[in-house]
Structure formats: C-alpha cells, structure tokens
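I've put the structures underneath this note.
One chain, chain A, appears in both complexes that follow, with chain B as partner in the first and chain C in the second.
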Partner chain A sequence: MTPALSVRDLTVRFPLAARRRAPRRVVHAATDVSFDLHAGRVLALVGESGCGKSVLASALLRLLPGNAVVTGSAVLAGSPPVDVLTADERVVGRQVRGRRLALVPQSAATSLTPVRTARSQLEEAVCELAPGTDPRARADELAERVGLAPRDLDLFPHELSGGMAQRVVVALALAGGPAVVLADEPTAGLDRPLANRTLQLLREVADAGCAVLLITHDLGGLLRAPEVADDLAVMYASRLMETGPAAAVLAAPAHDYTRDLLGALPAGGLVPIPGHPPELTDLPAGCAYHARRPDAGRCDGGALHTAALHTGGVRSARCRPLAVALC
Partner chain B sequence: MLTGRGIVVGHRPGVPVLDGADLSVSPGEVVGLAGPSGSGKSTMARVLGMLLAPWSGEVAVDGVPVTGVRYRVPRELRGTVGMVFQSPRLSVDPRLPLAAVIAEPLRVPGTPTAGRRGAALRDRRVAELAERVGLTADLLPRRPHEVSDGQLQRACLARALAQQPRYLVCDEMTAMLDASSAAGLVAALRDDVATGRLGVLAISHDEDLLAAWADRTVRLTAAAGGAAHRAAGALAPEHW
Partner chain C sequence: MGDRRLVVGVTVLAGLAAYAVLVPWVAGVDDRVTDFAAARQAPSWAHLFGTDSAGRDLFVRTAAGLRVSLLIAAVCAVLSTVIGALVGALSAVAGGWVDRLTMRVVDGVNAVPHLLLGIVLVALFRGSLVAIIASIALTHWTQVARIVRSEVLSLRDRPHVDAAVLGGATRWRVVHRHLLPAALPQALVAAVLLLPHAVWHESTLSFLGLGLPPHRASLGTLLEEARSSLLLGGWWTLVFPALGLVLATLAVAAVGSGLRDRVALPRRAEATL
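Up next, the complex of A and B:
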C-alpha cells in the first residue's frame, strides 16, 4: 500500500545571525527524519520538549520562517503526487494546505477568533476549502462528525468548554477533506479526561480514513490509551531514535532512550534521565543520547538499523542492531 | 506539622470554594492532594502557602498559628513554607538570569546571605542549590528564555528551597513538563523527604504520579468545590 505521506531524510536547519568573532551557529532542528503515514493509521511522534517535533509539522505545512533550510522529500500520495517540501508555494497554498494536509493546532482555545461564532469560522473554512457545497449543511455535518450538536456551533469561543473548542478545531481541520491530519500537541495543557477524549477523537478521524500524525510529549497519555496510536516514533535531539508498531515498541523498547523515557513515567518508577538534552545548536558528533548517557549501553555512533517483524511491520532503532527477540 | 483546619475560603462573597477542609503535612512525608478541576486544590495550596487568608479556620506551622498573609506573616514563619507553581515562565522575572532567580530569597535584608557582604556566601548557596536540583553551572548565567521549561522549573524549585523551608507546597509542579523533567524534580526532593527535613504537599490531577510519589493522597471531592462551580454557571464535568 502506498503511504498517504512519505517523508524521507527530512532535514531542517536554522542558521543563526553571525556574532562577531564567534563561529556562525546553526540550529539542527531535524536531521534525516524518515517515516510513512498510512491512511487509517495514527503515528505518534513523542520526545522531550525542544527535540524538534513541532518543527516537523511546520516543515510539512511549509509554515517555517524564511531562514529555514529544508532538504529531503515529503511526498503526498494522490493525483497528482506532490512533494510538499519542494512544490511551488502557490501549489501548496491552493491545493495542499488545509485541503490535502491539515493541522490541528496546539491550543484550541487561542486558535479560534474570539469575536466570531464557531459556526461562522467553520462555514468560512468550508466556503474557502470546499466551494460549491452548502456551507451551513456541511458545517452541521462536520460538527456531528466530531461529536458536537449543531446548535453548539452558534456559540462564541468563550462560551465553549475546552473540549468543545478542541472539537471545533478538529472540525476546522476536517473541513477541506484532508487525507493527512497533523496534530501538534493537541493535548498540551488539557486535564486528563479531556486529553483522553481528544486522543479518542483523533483515533476516530483515522478510523474514518485519514492518516494522522500525533505529535506529543505526553508518553503517559499514550500508554493510558493504547488503542489510539498504531505506530510510534521516538525523537531525541532532532533525530528519530526508534520507530515501529506502538505496542511492540512500548512493550520492548529497542533503544536506550525509549527505555529510559518509559522508566521516567510514574508507572515506570519515576527514574529521571541523568543530564539534560543537548542544545540543538551544539549537537555532539555521533549519537546525542549516548553522549548524554555513556553508561546506558553499547552504541555504534547512531547508525540506523532496520528489521522486518514476523508479525508484519518494520522496526528501526539507532545505535545497535535490533535483537532477534524483538523481531 | 503544617496544618489547615476547618478552612473555609472562596473568591466571591458567599460562594466558598473550600467549605471546612482539613489537611496536614508532617516532615518526612509526601502528601498528595488530588481532585477534579475546580475542586479547590490550588486554593488550598494558596492558603497553606500563606498567600490567601481563609474566611474561617486555622493554618498552623508546627503548632504556631499563622496570622495574616503574605508580607504580614512574621518572617521566620514565612520562610518555613516554600512554594512551587505550575508555570515556571509565569513565576520568574524574565530579566533575571537563573542564578539571580535562585538567589532572590537569599537577598532578604538581615540574613547572612544578604547584601554585598553576603555575596560570597550567597554564590556558594546558589551553587549548592543548583546542584541539588540538577542544574549545571553553564545554565546559571542564562535568562529564562534561554532554557527549557524543565530547566526553569528546576530553578523555581531551587528558589523555593533557598530558605530551607520545612514544608514545600508543589502546585501542579510537573504538569507542564515532560516525563524525564518531572521525574528529575521528584528525585531532587527525595533525599530531604527521606531524612525527615522536608514535608511535601504535592498537588496534581495526575493520579499515577501521586501513586508513585505520595505516601498518602487526600482527595478533594467536587462537593466542596461544586457549589462554587454551579453558582458560577460553569459546565458540569460530564458536559466536557
């Protein structure tokens, strides 16, 4: 099956302004990131804050600031296939963003216009993204799809509860009928029941046929809702350290970082990871994680190892070959 | 023992958020305080942290009743309870480097670490505190916008520990942080609690965290806070 979005060797760099007598510094925001998003599946991308997760979403939507240097490819399947990283801005703006590739932003409450009702904003999105349909009927249909009563749409953002606002922004993302939905920290700052329901909502979006990329720092939230994520990618200091089916990765992590991250959760024993994540301007040569924790285990300098699982699917991890038992 | 007895307090006249709440924390124990949003967890924290005067009821530190709030509390009493808040960004002066953030309580006039004469001692104490919470020396000259949330929260914890409090009130201290930073902060307090030098009131809506961290957990039911909720016209929890 062709993936809905196939990202290969995506690398994002931000050159910083030169300072006198100091070498010019470059922020390594993403390095050689490769993953596939499939229709009907949720890929969860987890990592500590500041590891470059959100930059990936911005890069795929072409919303990075002008000084960013992006290489690699991200091919959106369909007719015609589009490489969203190199396509003309007019093509991205008129055919891709919102229509084939949509974003669920981080903070629902602040991403709605406070002086307009949810309906007016949703109908505007429908008019813009799906001209020719009856905006009112389509808005009601989208509202129902995300579990809102149509009359809730006539409320202003300050009258919506946090969860209702969250549903409205998901409805906005679905307005253009996208094949791929990127959710950037949709659960940040929400209390637990609300976060769980938001994750469930994204699961439903995937079950309806979208490919979903769920970017989050809340690994505990994913563990509590194991049905939400099909695949998992773990990011550290701009690189993907480990990828694979979520259940397999969480049950038996192959990379030391994934294991330590699970151990830092309350359920894993609250064992902190020694040291701090490195500055992205100043990454050590080779594997950044084993530079932070030389005692964690064997490391071959961060080379990527891939293995096919006998249950289907592919796992990959950096730093050492995957044990046969994990495949 | 840090105790609050029969605490009645609210933010609007006639609408108590807490209606007769009791809570006590002994040195050497971590008490969890859990409850749904709006049940008055943070209000309890502010009362025990001497930031909010209860309408009725009594707050006492090791048997000494607290009179007044904030700067009206006698200094030796005020220093016995430290506080860490949810958002580190909102609880530091963005112009101060982390070393100055940590040193702020040490500059109180009349203490040996105050003023120019206490500078050497103060620097030493800041270095000790930074080490205790896991901040490396290269982070100390940085300003808040140059460090991560987790690193900034570590500085806030160091600041709260600077006056050597006997009790620490952590109001959702780890809610904004990723797992390894949260575990790091909990680990930084572990020794002091184990040796009986510190009692911690850990407020969180994360029951998993409290199960792993707290020796016992007190739950505020919505009953106390529910009245305020209904009066304010807030949505019922099931109507998320």
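Up next, the complex of A and C:
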C-alpha cells in the first residue's frame, strides 16, 4: 500500500551565530529520520522533551525559521505527488498546508486568535480551504464531528475550556479535508480524562481515513489507551531509535532506550534514566544513548537494523540486530 | 480609578458635544452675523457668554468653534490612526529593508517639530480646511505607527498566526484578520490620546492666523480675537473659549487614559504591587 506520507532521511540543522574565536556550532535537530504514514493508521512518535519531535512537524509543514537547513524527502501521495521539503513555497501554501497536510498544534488555547470567536476562525478556514461549501453549515458539521455543540463555536477562545479549545483546533485541522494530520503534543497540559478524549478523537480521525502522526512525550497515555496508536517510533537526540507496530514495541522493546523509557513509568517501576540527554549542538559520535548509558548493553555504534515480522509489518532498531524472538 | 475617570470624561465630553451640536441649531442665529451696536457686552441673560468686538454672541460662537475644533480633531485622529496602523503593520510584516526604511522615515518626521511642519503645510494652502487636517494628520501618524508595529512584531510569532497560515490564510489575510484586530485596542487608545493634541494643534494654527479664516469660528480663532478684546477689559472673550478648550482636552485625555487602563488590565499579582 502506498503510504500517504513517506519521509526519508529527513535531516534538520540550525547553524548558530558564530562567536569570536569559537567554532561555529550547529544544532542537530533531526538526523536521518525515515518513516511512513498510512491512511487509517496512527503513528505515535515518542521521546523526551528536546529530542527533535516538534521540529519534524514544523519541517514537514515548512514552518521552520529561515536559518534551518533541511535535507531529505517527504513525499505526499496523491495526484500529483508532492515532496513537501523541496516544493515551491507557493505550492506548499496554496495546495499542501491545511488541504493535504494539516497540524493539530501543541497549545490549543494560544493557537486561536484571541479577539475572534471560534466560529469566525473556523468559517474563515473553511472558506480558504474548501471554497464552494457553505461555511456555516460546514463549521457546524466539523464541530459535531469533533464532539462540540455548534453553539460552542460562538465563544471566544478565553471562554473555551482546555478540552473545547483542543476540539476546535482539531476541527480547524480537518477543515480542508487533509489526507495527513500531524498532531504535535495535542495532550500537553490536559488532565488525564481530557487527554484520553483527545487521543480517542485522533483515533476517530484516523478511522475516518486520515494518516495521523501523533507526537507526544506521554508514553504512559499510549500504554493506557493501546488502541490509539497502530505504530510507534521512539526518538532520542534527533534520531529514531526504534520503530515498529506499537503493540509489539511496547510488549518487547528492542532498544535499551525504549526499555528504559518504559521502566521510568509508574507501571514500569518508576526507575529514572540516569544522566541527561545530550546537547543537540554537541552530540557524541556513534550512539548518543549508549554514550549516556554505557552500561545499558551491547552497542554497535548506532547502526540501524531492520527485520520483517512474521505477523506482517516491519520493526527496526539501532545498536544491535533484532532478536529472532522479537520478529 | 480608571473606570471613574472614564465615566467623568465621557460625561463631560457628551455635555460638550451636546452644547456644540445643539446650541447653534436651537439658537437659530448665524454666528457669523455681526451687530456692532451690541459689541463687547459683558455676560448677561441676553448673552450668557457676552459678545465679541463685532457684537457676535459668544455662547453660540463658542459652541460653533468647539464643534469645528472637535470635528477637525476627530477627523485628524481617525486619519492618523488609519495611516499609522497601515504603515506600522506593513512595516512589521514586511521586515528587512522595508521596515528599516519606514522606521527611519518615522524618525525623520519625529525629528522635525510638528508645529513647524504643520505651519509650512498650512501656509502653502492658506485657510483650507483640508490643509489644516492634512497638516495635523500627516505629522501625528508616527506615534500610532510605532505602537502598531511593536504590537504586530510581538504578535506575529504567536502560535495563532502559524495556525492561521495553516488554515490557508494569505499574508494579507493574516494581517487584517489576525494581527490588526489584536493590535487595534492599543491603536484606538493612541487615537483617543491624540485627540486633545489635535485640538491644541488646530487651535494653535488658528491662533497664529494660519488656520481657518477669522469669520469661521474655531477655538483658535476665538482665542486670537480675544487677544485684542482682553486689553480693553473683555475678559469673557478669553475665558469661555479657553474653558471650552481646557474642558474638551481634559475630558478626552480622561477618556483616553481610562480606555488605556481598560485595555491593559493589571494582572492580580501586579495589582497588589
């Protein structure tokens, strides 16, 4: 099956301003990141704060600051296929953003213009992204789809609760009927019931045919709601450490970092990971995680190993070949 | 405190506006018609504010002058705000050399004394109402431009602007539907605070003989006429137009600062400081 979005070797660098008598430093925000998003499936991308997850979403939407250096490819399927990393800015602005590739932003309340009602903003997005439809009727339809009463749209952002604001931004993301939805920490700052409801909402979006990338640091939330994510990718210090079907990765992690992340959760015994993530300007050669935890296990320097699963699908992990039992 | 100031300001301003609009209309007297038999009469029941050296009733003439002065000031404030908001927003959004050039123009306009620039403009088109309005509007937009630019600069990196771009909004739509509405309250406060300045500017030009022709009442022309009458004991020719000018200025300033306090309500922690 052709993936809705195929990302290959996506690398993002931010050169910092040169300082006198010091070598020019570069932030390694993302390095050789590859993954596929499929229609109807949710890929959860997890990792500690600052590992480069959100940069990926901004890079795919071409919303990075001007000093970012981006290489690799990210091809959106469809007619015609578009490489969103290299396409002309006008093509991205008029044909991709919101229409084929949408974002559910990190902070819902601040993502709404404070002096206008939710309805006004949603109707504006409908007019821009889906011309020819009745904006009011379409806004009401979107509100109902995300579980809001149409009258809730007449409120200003400061009158919306956190959960309602989150639903409004999901409705905004769906206004253009995108094939791919990127959700950047959509549960940050929400209490547990609201976070669960938001995750379920994204599951419904995927079930309706969208490909969803769910960026989160809340691995516990995914454990509590195993039905939300189909696939899982674990990121550390700008690289994907492990990918595969979510159930398989959570049940039997192949990489030491995934195992330690699960061990740091209450269900895993609350064992904190020793040390700190490295500065992205100063990454060690080889595997960054085993440089932090040399005692964690064997490491071949961070090489990527891939294996096909007998149940279908593919697993990959860095640092050592996947055990036969995991496949 | 801000609310009380706002209420007092609005009340005084409403009273002055009612006086300026209703009196010339109800009195049914043309404030330009002279009656030398009744020249320079002190205030009485027949002439509440007395008469000037040409026998014109100052109660009616002050109302007419106040009307003209407030009208000119309001038009100038609106024009300055529109020019300033557009220039400030475009400068902030365009950035780069456009922003630098615009801000140097603003510095240049600010560096020249406004009154001097106004006098030059008015002297070129003597007695023209449009020239008076232009002389005030073209010298007072810079303050609004700076305020709107700084507001837009602080707003344009907020998540809601990215969200608007993701919602398919073009750069122009982002400016006029997402940035300007959020910057507008500050611009409106600046416009209201500009009003008393514009009243004084117009009065100064008229007082210097560069504003409206002498037969057309404005607070400035009335004060200019009062200069000669004052030496002959006609104190009322100065007091009432001056009172109108001071009251209008204070009332508008009170409304402006009351609105400013409302726009920037202190957070609870700051309020206790």
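Operating definition for what follows: the second predicted complex is superposed on the first by the 327 of 327 C-alpha atoms of A that agree within 3 Å, B and C clash if a C-alpha of one lies under 4 Å from a C-alpha of the other, contacts with A are read in each partner's own complex, and residues count from 1 in each chain.
Please note the rule applied: a residue touches a chain if its C-beta (ideal position, glycine included) is under 8 Å from a C-beta of that chain, and two chains touch if they have at least 3 such contacts.
A quick note: this is a predicted structure, and the numbers were derived from the prediction, not measured.
Once the complexes are laid over each other on chain A, chain B and chain C both fit without any clash.
Contact with chain B, but none with chain C, is seen for A:Asp191 once the two complexes are overlaid on the shared chain. Of the two partner chains placed by superposition, only chain B is touched by A:Val271; chain C is not. Once the two complexes are overlaid on the shared chain, A:Arg292 sits clear of chain B and of chain C alike.
Of the two partner chains placed around the shared chain by superposition, chain B is the only one that A:Glu48 touches, whereas chain C remains out of contact.
Residue contacts after overlaying the shared chain place A:Arg239 against neither chain B nor chain C. Residue contacts after overlaying the shared chain place A:His255 against neither chain B nor chain C. Of the two partner chains, chain C is the only one touched by A:Val169; chain B is not.
In the superposition on chain A, contact is made by A:Leu112 with chain C only, not with chain B. Taking every C-alpha atom of chain B against every C-alpha atom of chain C, the smallest gap after superposition is 12 Å.
When the two complexes are superposed on chain A, none of the residues of chain A touches both chain B and chain C.
Residue ranges of chain A in contact with chain C, taken from their complex: 61, 63, 93-94, 97-99, 102-103, 105-107, 110-116, 121, 124-125, 128-129, 169, 172-173, 175-176. Taken in their complex, chain B has these residues touching chain A: 36-37, 134, 136, 139, 148-151, 176-184, 186-187, 205-206, 208-209, 211-213, 235, 237, 239-240. Contact residues of chain C toward chain A in the complex are 158-160, 162-170, 173, 177-178, 181-182, 184. Chain contact summary for the complex, chain A toward chain B: residues 48-50, 161-164, 189, 191-194, 197, 217-220, 260-261, 264-267, 269-273, 276-277.
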